[in-house]
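In the two assemblies presented below, chain A is common to both, partnered first by chain B and then by chain C.
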Partner chain A sequence: MLEGAEFYFNVDHGYLEGLVRGCKASLLTQQDYINLVQCETLEDVKIHLQTTDYGNFLANETNPLTVSKIDTEMRKKLCREFEYFRNHSLEPLSTFFTYMTCSYMIDNVILLMNGALQKKSVKEILVKCHPLGRFTEMEAVNIAETPSDLFNAVLVETPLAPFFQDCMSENTLDELNIELLRNKLYKSYLEAFYKFCKNHGDVTAEIMCPILEFEADRRAFIITLNSFGTELSKDDRETLYPTCGKLYPEGLRLLAQAEDFDQMRRVAEHYGVYKPFDGLYCFFLPQVQMNVLAFNRQFHYGVFYAYAKLKEQEMRNIVWIAECISQRHRTKINSYIPIL
Partner chain B sequence: MGSLFRSETMCLAQLFLQSGTAYECLSALGEKGLVQFRDYLVQEINRADIPLPEGETSPPAPPLKQVLEMQEQLQKLEVELREVTKNKEKLRKNLLELIEYTHMLRVTKTFVKRNVEFEPTYEEFPPLENDSLLDYSCMQRLGAKLGFVSGLINQGKVEAFEKMLWRVCKGYTIVTYAELDEPLEDPETGEVIKWYVFLISFWGEQIGHKVKKICDCYHCHVYPYPNTAEERKEIQEGLNTRIQDLYTVLHKTEDYLRQVLCKAAESVYSHVIQVKKMKAIYHMLNMCSFDVTNKCLIAEVWCPEADLHDLRRALEDGSRESGATIPSFMNTIPTKETPPTLIRTNKFTEGFQNIVDAYGVGSYREVNPALFTIITFPFLFAVMFGDFGHGFVMFLFALLLVLNENHPRLKQSQEIMRMFFNGRYILLLMGLFSVYTGLIYNDCFSKSVNLFGSGWNVSAMYSSSHAPAERRRMVLWNDSVVRRSRVLQLDPSVPGVFQGPYPLGIDPIWNLATNRLTFLNSFKMKMSVILGIIHMTFGVILGIFNHLHFRKKFNIYLVSVPELLFMLCIFGYLIFMIVYKWLVYSAETSRVAPSILIEFINMFLFPASETNGLYAGQEHVQRLLLAVTALSVPVLFLGKPLFLLWLHNGRSCFGVSRSGYTLIRKDSEEEVSLLGSQDIEEGNNQMEDGCREMTCEEFNFGEILMTQVIHSIEYCLGCISNTASYLRLWALSLAHAQLSDVLWTMLVRVGLRVDTTYGVLLLLPVIALFAVLTIFILLIMEGLSAFLHAIRLHWVEFQNKFYIGAGTKFVPFSFRLLSSKFSDDVA
Partner chain C sequence: MAARTKLSISAVTFLALILGFLAQTIMKARLKGAQTGRNLLKKKSDALTLRFRQILKKIIETKMLMGEVMREAAFSLAEAKFTAGDFSTTVIQNVNKAQVKIRAKKDNVAGVTLPVFEHYHEGTDSYELTGLARGGEQLAKLKRNYAKAVELLVELASLQTSFVTLDEAIKITNRRVNAIEHVIIPRIERTLAYIITELDEREREEFYRLKKIQEKKKILKEKSEKDLEQRRAAGEVMEPANLLAEEKDEDLLFE
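Let's look at the complex of A and B:
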């Protein structure tokens, strides 16, 4: 991008940036959480949410209210906002939005393939798909039997296509292969997104790169943790790590050699950012902080990403609280992650 | 005393409602709207030192047959409605599918025709197509057969659909499309969109499955494809009859739905009102408390004394209706709390009361300025808006509103129109008074009207009309003077020129004079000062009525009288001088008349050089007045505090009957006096009291002194600044006159100057523009500004002389206040 991009940033994206900042103000406050935690039933939760910017989004729900209904409606609401942003965006912001949806699309594809493997009907699984990652070809995923099939027949025209370069193989799609496929896709997706932000330069790069680096490292840790006790070889494991994180290259190599949780923690503690390493839970709070801090700068795309992530975290919080309430399991109700 | 002069006397009453009849009694009260309930809970919370009454739990809802019935009815209706709507939806969906199917059949027929045309050529050259033939036979051998899938697809998805088919089936399919001419509704979203009919022919089961999956993925509506022409015909006929049937069923359903809805609509309004009333009653019941025996509910209410009888009757009615054996009854209880203020208004006085209430609701039983506002407000407005043309237009508009006030559309009008409508009587009086002041100013759309013939005679100025002997003494006109000079002055001292004052208002001849403005300014300025001082003095006098009523005579001598003296000795004397000068000096003596301004300033400065004053002995009179003024100031400052101090310390010295009591809250003093003097204990303020205790203020001399000093400073400075403030009467009336004059000169005069042949054509738009500008600028804009200034003069200059306005409004529990709200909700 040219020098002094902030001077004409507002010409193309000023409206949306203003909008997203307004939306950010509608995130639930600490007081809202305190109120929510005190609710006795899901109906109370609904009433409390009505006083926030969620409004009466649950008005059309038939009784009895369930956690999944709340979740679905919240997702729909986020999706509506996102669609609005997307429909009003100009290049290169719209590409940025496409990149944002890709992660959800990958999740949806994998979900559908797993469903097909377990012989569940497409309709049943469609409900579980994240509305942000929805695309028309999605439902035809179960036609494919191999990754290359999947690519050639179904995904060749979707934004996911470029990420498939590394995972074309004629293996049949069993559970492990699907998981591998997911991680490979995610790796190339993260790297591509990172490259896009880096090339874009400017404040966007300054904001987005740390966020994506963090995300890449998080995934590396997740992969390592999940691969303990599976037949995945260490070399294979290393190929799955996204290479755009802070751990690259030394940390990833060490991580590939790790054999148990303690070794993994030792690797993590080489890095100041992950110092008090206590499992994957410790990633949530810094992530929220980073996303909140993204709003301190102006004239960049990171706010959109940050908003979506913050909103997601908020939804996770509400679902957590609602889940605790509906299961009458109040001891852990306070372990949501407050958005600052 | 008229009820508008003071608020009504209130009394606190306790209602003992038998728990069975509470509901009916309250509903009877609500219909009448007599009483204001006191919320126990709120009250108790307000005075936190008292423990909450034990019976604050809400009483159990009395089982009301009617409510249950209503509920049942509504539930039945809802179930019915839901069912019918669901059925209707299902039928519609069904119908849509059938229609789609027929369309598909119709369109695919053309595809097949094409195929049939192809077939001969296909067969004609079997040798050439050897490979494919071989393929075909191979396939047949494998048990594969030619299959068809047909259906409808959303227009936007066609391209992607075709590509996907191609990629997945690798060309083992043939797809044919045709667009449907008419857009159909999407059964899922209800959107009307364009559809494509497609026909896919494929070989082999495997591919067939894939094709079906892809169709699912793109949400195609797939329908079975008939293989033979007969089958197709059969299906089509069957479909046609079914569609017909469905149409009739659908119509029936819709009719039924409409019937059900109509039935519901009939009762919806009454139900809404009933439910709201019930809600209100229960809300009020929540404010009641249980008595000791838990048998009845006790409610405390404020009720105007005049309505106590009605209240009793309403309670009796309620008890009788519910068929209770023990009647509900009421007690009045003495209290020292300030009751709410109730001033009964009618549609005429309501607007004026609202103007006063906007400043502050009057304290209990204090003089209500609204009564006087009815006349003074329109009058002061009219002084600023003096033009009888404009006034008459305003009057007509208001009259229109008043005559049509029962028109339903006016009653439900919104925003601005509503504002006008609510103030229609104010507008009416404002218009009338403007007509009057307009006549005085002799202003009609900035022109004067010569009704009675001018009192000035121009011809008398000519030398030829006088005897030669007289000519020498006077400056008279002759032809050369008239011709040469640009400005001519009429001299009223010449006999015959001024024949006496014009009977009503300003002489129209001034309209021609160049010094008209100077003349009018002098007149209007003096008039505003006179009006202002009268208005303010009246305010101070009203204060005396307040002191009399609240039995604080010392306030009259120590506050009101010095205030009056201060005002009258300075400004009253100013008025006297103005009037005196008007009366005493005539045209002949006008040259020796002293300036009032100078005289008035000299009154304070005692100049060394003697001026020839207005009258003999003026100096002594002025000295006396000044002395009185100077004396009244310290009395005003110190009189009341010192008197109170004396009362506090010296107690029963000189026949002050109620010596011990001086320091109770101002508002509650009146009730104390009602209780009778035996209740008032000698010496201390601790009152013997049944239910409530008294809040007594400590005697704090410093505070009283401070308050009084502030009040006095405010008053003394206020006298000067408020008098100046009344000059706005002059300023706005000047502005109004000049603005209308400008409008006339710039529009109508231009129009009238054009020659007669084309002038008519020009005059029409000019008059139209004149009318529009007159209404918007002169009537609405100027009117608003004059209105605001009149309000200010009342609120600040008039009301701060006597009006405390610290009361609370009496808000009775009345269904009428509710019902105005929900007519909007329902509509």
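Let's look at the complex of A and C:
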């Protein structure tokens, strides 16, 4: 509970906040996007990106240039920046960073568990893990035979341990469907993150909590939408909803009972914020806008979270435009999400 | 001895004649057989060529459609990646059994068996819950597009194998037709012509021989008549009584 964060914040975190604002200024603008959309080949895209902050990041790539190469290089750049921030951070910013990386760690752990179950080589899976989600015990995964072994030996040391404990006992780890596991882990992660931000109080809570609430509700809606027509039962579905959003508790209960799209829409209309609900894409724009607005306040950790998310969205936009160009399918090339 | 030789000669020629006719009949039968065979094979070749052209047309159509479908599917992959993030590793990790399998059936065209592939689904969709948190709709569309692409690919595979098999079969059949038409039948015809000329020649020989024998007999007869005349003139020949030339018959008692 830090009152008057203006007084204490810059002592520990002022340098990093300045740095991240500088990085934010180098995000691609609308003009850049217009230029990219008009490119004819991937080589043109590379030339355009050289004029932005990306610089010569593709300079060492041999021909032919593919979309996946662009993607990998962009991700490497983001990781470098992120690691730099993280290494220079102090508490409690470091814990904040750890929370941010948890979501990637969850994906990596699911991947590793899958691979271990199917006796695949650990090396190949490690290559495919998301670099932001690295944790030191990753290489030790191959010694585990079953998921419960995995849990006892490896995961207990990671920050993910409490999430696992929330979800289930060790016995159920074996039978559980991988996707359900992933979503359950994500739910506990989101709730823990929310609690952390709220406890921190001050501007951080003011900025981060609405963002996390929106994320929780978005997940609830999308899980409901995607579980129509699958074998996911309503009770199972309810256990996957994060409870830190605006929908808790009434909305979540209603959503769990919803059978089809119209019922969902009625639930959305109850809450004014979600009224213009028309499926998947309507959630992207408000999230991006919220992330951009985070930069309007100073002295809080939300800027780091917002920067990471915006950078990811930008990467997705660039990859989308590059794919449209390389596949010569330009009808939907303008469906990227504009950021600035 | 001469008579016996003559007899054996004629027996041999008779045998040869008979054999000649037999050979001719056999050759005629073989010619007919070869011609019928060639007609049948030509019909088979025509039927196969017809089917071949049909398959070719279908292949062209399917390949064009394939281009469109693959483009669509690749684009929906890009869309899904945009909304759901990178799910490729999850998908690859979870692969165990094939969901779409193929059965091979046989189809018969003019005696040539062609393989036909038919796909069938087995097992449930193990990727139902992928993308539950985001991009589920895009993933469903992606699954549909690629399923369509796979079906088209299976059809294209059947068509192309039939194409290759038919091509082989047509080449073989045409080779046989040409062989019969340009080698076997002329050979038989030539043999037949040779047999006919031989038979004719033998007939002519026979005819000539008969004529010669007749001449010889005539000469012999003239010679013996001359002899007789000479002997009659010398009075040595006692001619037997000629019943018809006699004026007085001794046996008649009363006249």
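What we mean here is this: the second predicted complex is superposed on the first by the 299 of 340 C-alpha atoms of A that agree within 3 Å, B and C clash if a C-alpha of one lies under 4 Å from a C-alpha of the other, contacts with A are read in each partner's own complex, and residues count from 1 in each chain.
Here is the rule we use: contacts are C-beta pairs under 8 Å (C-beta built on N, C-alpha and C of every residue); 3 or more make two chains touch, one makes a residue touch a chain.
For clarity, every value in this text was computed on a predicted model and none was experimentally measured.
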Contacts of A:C197 with chain B and chain C, given as first, second, both or neither: neither
Chain B versus chain C as contact partner of A:L78, first or second or both or neither: neither
When both partners are placed on the shared chain, which of chain B and chain C touches more of chain A: C
Partner chain(s) touched by A:E157 [first = chain B, second = chain C, both, neither]: first
Touched partner set for A:T136, first chain B, second chain C, both or neither: first
Partner chain in contact with A:S227 - chain B first, chain C second, else both or neither: second
Touched partner set for A:V122, first chain B, second chain C, both or neither: first
Touched partner set for A:L111, first chain B, second chain C, both or neither: second
In the complex, chain A residues that touch chain C: 110-111, 114-115, 118, 120, 125, 128, 177-180, 182-183, 186, 219, 222-223, 225-227, 230-232, 240, 279-281, 316, 319-320, 323-324, 327, 329, 332, 335
Chain A to chain B touching residues, read off their complex: 122, 136-140, 142-143, 152-154, 156-157
Touching residues on chain B, where the partner in the complex is chain A: 157, 160, 163-164, 167-168, 210, 213-214, 216-218
Chain A partner contacts - residues on chain C that touch it in the complex: 71, 74-75, 78-79, 81-83, 89-90, 93-94, 96, 128-138
